[in-house]
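Sharing a structure with you now.
Each chain gets a letter, A, B and C, in the order it is written, and its residues are counted from 1.
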Amino acid sequence: MSGPNKGRKTRDYPLLELRGRSFCSTGDFTREELSELLDLAMKFKTVGHGQPLAGRGVALIFFNPSLRTRTSMELGVAQLGGTPITLEVGSGTWSLEWREGVVMDGTATEHIKDAVQVLSRYVDAIAVRCFPGLKSWEEDRNDPVLSEFRRYSKVPIINMESSLYHPCQGLADVLTMHEALGSLDRRKVTLAWVKHPKPLPHAVPNSFALGCAQFGMDLTIACPPEYRLSDEMMSQLETQAGTSGGSVRVINDLNEGLTGAEIVYAKSWAGLPFYGDPEADRTARAAYQDWIINAGNMRLTAKRRFLH
Amino acid sequence: MSGPNKGRKTRDYPLLELRGRSFCSTGDFTREELSELLDLAMKFKTVGHGQPLAGRGVALIFFNPSLRTRTSMELGVAQLGGTPITLEVGSGTWSLEWREGVVMDGTATEHIKDAVQVLSRYVDAIAVRCFPGLKSWEEDRNDPVLSEFRRYSKVPIINMESSLYHPCQGLADVLTMHEALGSLDRRKVTLAWVKHPKPLPHAVPNSFALGCAQFGMDLTIACPPEYRLSDEMMSQLETQAGTSGGSVRVINDLNEGLTGAEIVYAKSWAGLPFYGDPEADRTARAAYQDWIINAGNMRLTAKRRFLH
Amino acid sequence: MSGPNKGRKTRDYPLLELRGRSFCSTGDFTREELSELLDLAMKFKTVGHGQPLAGRGVALIFFNPSLRTRTSMELGVAQLGGTPITLEVGSGTWSLEWREGVVMDGTATEHIKDAVQVLSRYVDAIAVRCFPGLKSWEEDRNDPVLSEFRRYSKVPIINMESSLYHPCQGLADVLTMHEALGSLDRRKVTLAWVKHPKPLPHAVPNSFALGCAQFGMDLTIACPPEYRLSDEMMSQLETQAGTSGGSVRVINDLNEGLTGAEIVYAKSWAGLPFYGDPEADRTARAAYQDWIINAGNMRLTAKRRFLH
């Protein structure tokens, strides 16, 4: 991956500085480190990988159902020689409580703190999927479940989609764009909000936007005014774009947002002003029936490349 | 397995023509191919097998609960060196919708089409268990879930019991009969309908009957008139018996059906005239309280060999 | 583990007499055999273990949810080279009926007898977790589910916590105490009943007490009169203490029970007089609000060593 990887110094011990670190958001890593991860991924894919996880256990904790992530993670861990331990929280099995003050009265419920401390002794890494509750933004904005895992784990935490981030997806999207465009610097990409029957989490658009900003792209976020990403996110995007030489802007008009885009990424997400109130979100969305991507508005883009 | 395998030509590349094919019904394979499969199974059992699935992933999708099939499939894949990925559909985890027109409104539900296309990229084969709904024969007769898997998968589909067939069980039954009788050609076998508290699926009797017909046996199906197998099935049985040199007949009297049988296979199944109406089926069954296999009527058979 | 292992004879074939035996209670094994197991565990931990389970399958049957036991068992079997098959009974998947007379009317339910006989043919050992129903002591005192597994299995049964015993935990507690104290003979240990919001099973205190008695410790059980362990258990403890040279006594006063203890193990459990009646148990417990372990009463002990 020579494109996004420009300026990387030769190292005798590649990935040395990544060992032991959690992977919770691409924002925790420099562009150079992420590029090295992508290089390694490509090497695994093309040259092969051996069994670097031989004798290792990786817990895969799912607070939410999953097909793709579960299958690819179980298979990935096994093919690298490790043992995946899949645990589904809540669905008839056992449940985990992340709020420290809450008194447990059932035998099937325990605090994340205890669970994570124990798991840390058994396995070499813990991967977690924990969607937001979509009830309270004050709660979800702190990524409470993932935060507790990070706080109490003695082994690296891998985020398989949390309230705020989906870094594996975000990095895969960077790779896909790199394969389509080559160098990503100053390439025009539009993240377009589109209508959907339900208010959806921010993790995927957040991590997509972050990847674009970290790899020096000129990112346009096209969305109705009520569907702006969070202030924390916007500020993070601007900082990253400043570092990478890219840019970020928000446009409240879909056609204007699509014009000249080399890549369009369509996604729906909940409006923060209506967070926890699906009815109010539905009412707001009703005014944006024309926020869809079709052959007509794709003509406004530069190359008609569409990701979904 | 020299008995059922007579007439097989020597081949330099055994099983070459089976590579990449789905295993959804024994009816999709010639007797020679099935015999070769059984030979290979016996060789694995007696001589050993190595790790032919090393580096391969096999998805095991269960729309319905399972103990035997799940345990034997997980263990089988692992012992051949592969990685089984078990996914339970619906039970608190995620659900799959096979009807193309249906609009998804939940995050946990997706169309089989999307799921299968993704799985096809991750794994090397997909095994599926999908019982019939037992509500509508018009629906179940098309084996809708299995059909969608076949339609969208780019890797082989293995049927772990669908609406219409249970080919692994059917082939195992052929092997059991071969071990008991030697050559199966023109051996008298009776598939006897017996009473049961509930209307049950046709997959097991269908695949048993099909195996008998494909291996040249003289098959008697003993059942009350309302419990005839489907017309499609009967026609398939007659075609296969014609090819194999066997025969198939239906007898509406249990004692007459048992007389002279070298093997009796007892099984209950739903009456097609009452499909989707368990109450009507119960009323019909009430007239057939004496459709049971016991020491008395087993005396009518030739060898008192009983499978269940 | 030279301490608890004193008097062990040299053997050419270590563990030979353990091969093929079930591990349902430490009480089924001599102190010498348990010491050998612990020696082997320490050797695995320090020297390494190879792949003694290569090609073997182990079914892990969970009637109840589990995090620690499930993770450690799956990982343990895999790291020793075997294939763990995890089956969760009841939770949306399938259920097992242990009462022989009960008529099955659903396709998802089957008798343990059939299930265990089939599993015995597939796997090399069956591990079971089956908590008590906590409804009827007459039922739970016979450890009905575990008993059926033992009765019908042709391969060893491993108890991952049943109605009456948790031998893996009990043996681990012995190891922990040995690491803290060296030789366990005549060491003073107190099993202290403490209050808890709910009546809890006896398996953990039973197996802890049994381990103490089997390894020659001077065991004090401190509990209110209504919370005495069962008569069967007390009689077993006395027999084991007689064999090992240890002792066992019950004290109905917490402070007196703690005085001079070298190790305190705090645990709550249901009162047998109120078994199946949580309300009556709650009323009884209300009189024992001061049955807690704190810095104050830990001063009465000899070394302030506390296990939980």
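The rule we apply is simple: contacts are C-beta pairs under 8 Å (C-beta built on N, C-alpha and C of every residue); 3 or more make two chains touch, one makes a residue touch a chain.
Quantities reported herein were computed from a predicted structural model and do not represent experimental measurements.
Chain A and chain B share one sequence, so how far apart are they rotationally when you fit their Cα atoms? Give it in degrees, rounded to a multiple of 5.
Superposing the C-alpha atoms of chain A on chain B needs a rotation of 120 degrees.
For chain B versus chain C, which are copies of one sequence, does the interface use mostly the same residue numbers on each side, meaning over half shared, or is it different?
Chain B and chain C contact each other through largely non-matching residue numbers.
Find the geometric centre of each of chain B and chain C from their Cα atoms only, then give the gap between the two centres in Å, rounded to an integer.
Between these chains, centre-to-centre, one finds 43 Å.
Where in chain A do residues touch at least two different other chains?
In chain A, 91-92 touch at least two other chains.
Report the residues of chain B in contact with chain A in the complex, numbered from low to high.
55, 57, 59, 83, 85, 87, 91-94, 103, 105-108, 110, 115, 118-119, 122-123
So in the complex, the part of chain B that touches chain C is made up of which residues?
By the definition above, chain B touches chain C via 64-68, 70-72, 74-75, 78-79, 88, 90-92, 131, 197-198, 200.
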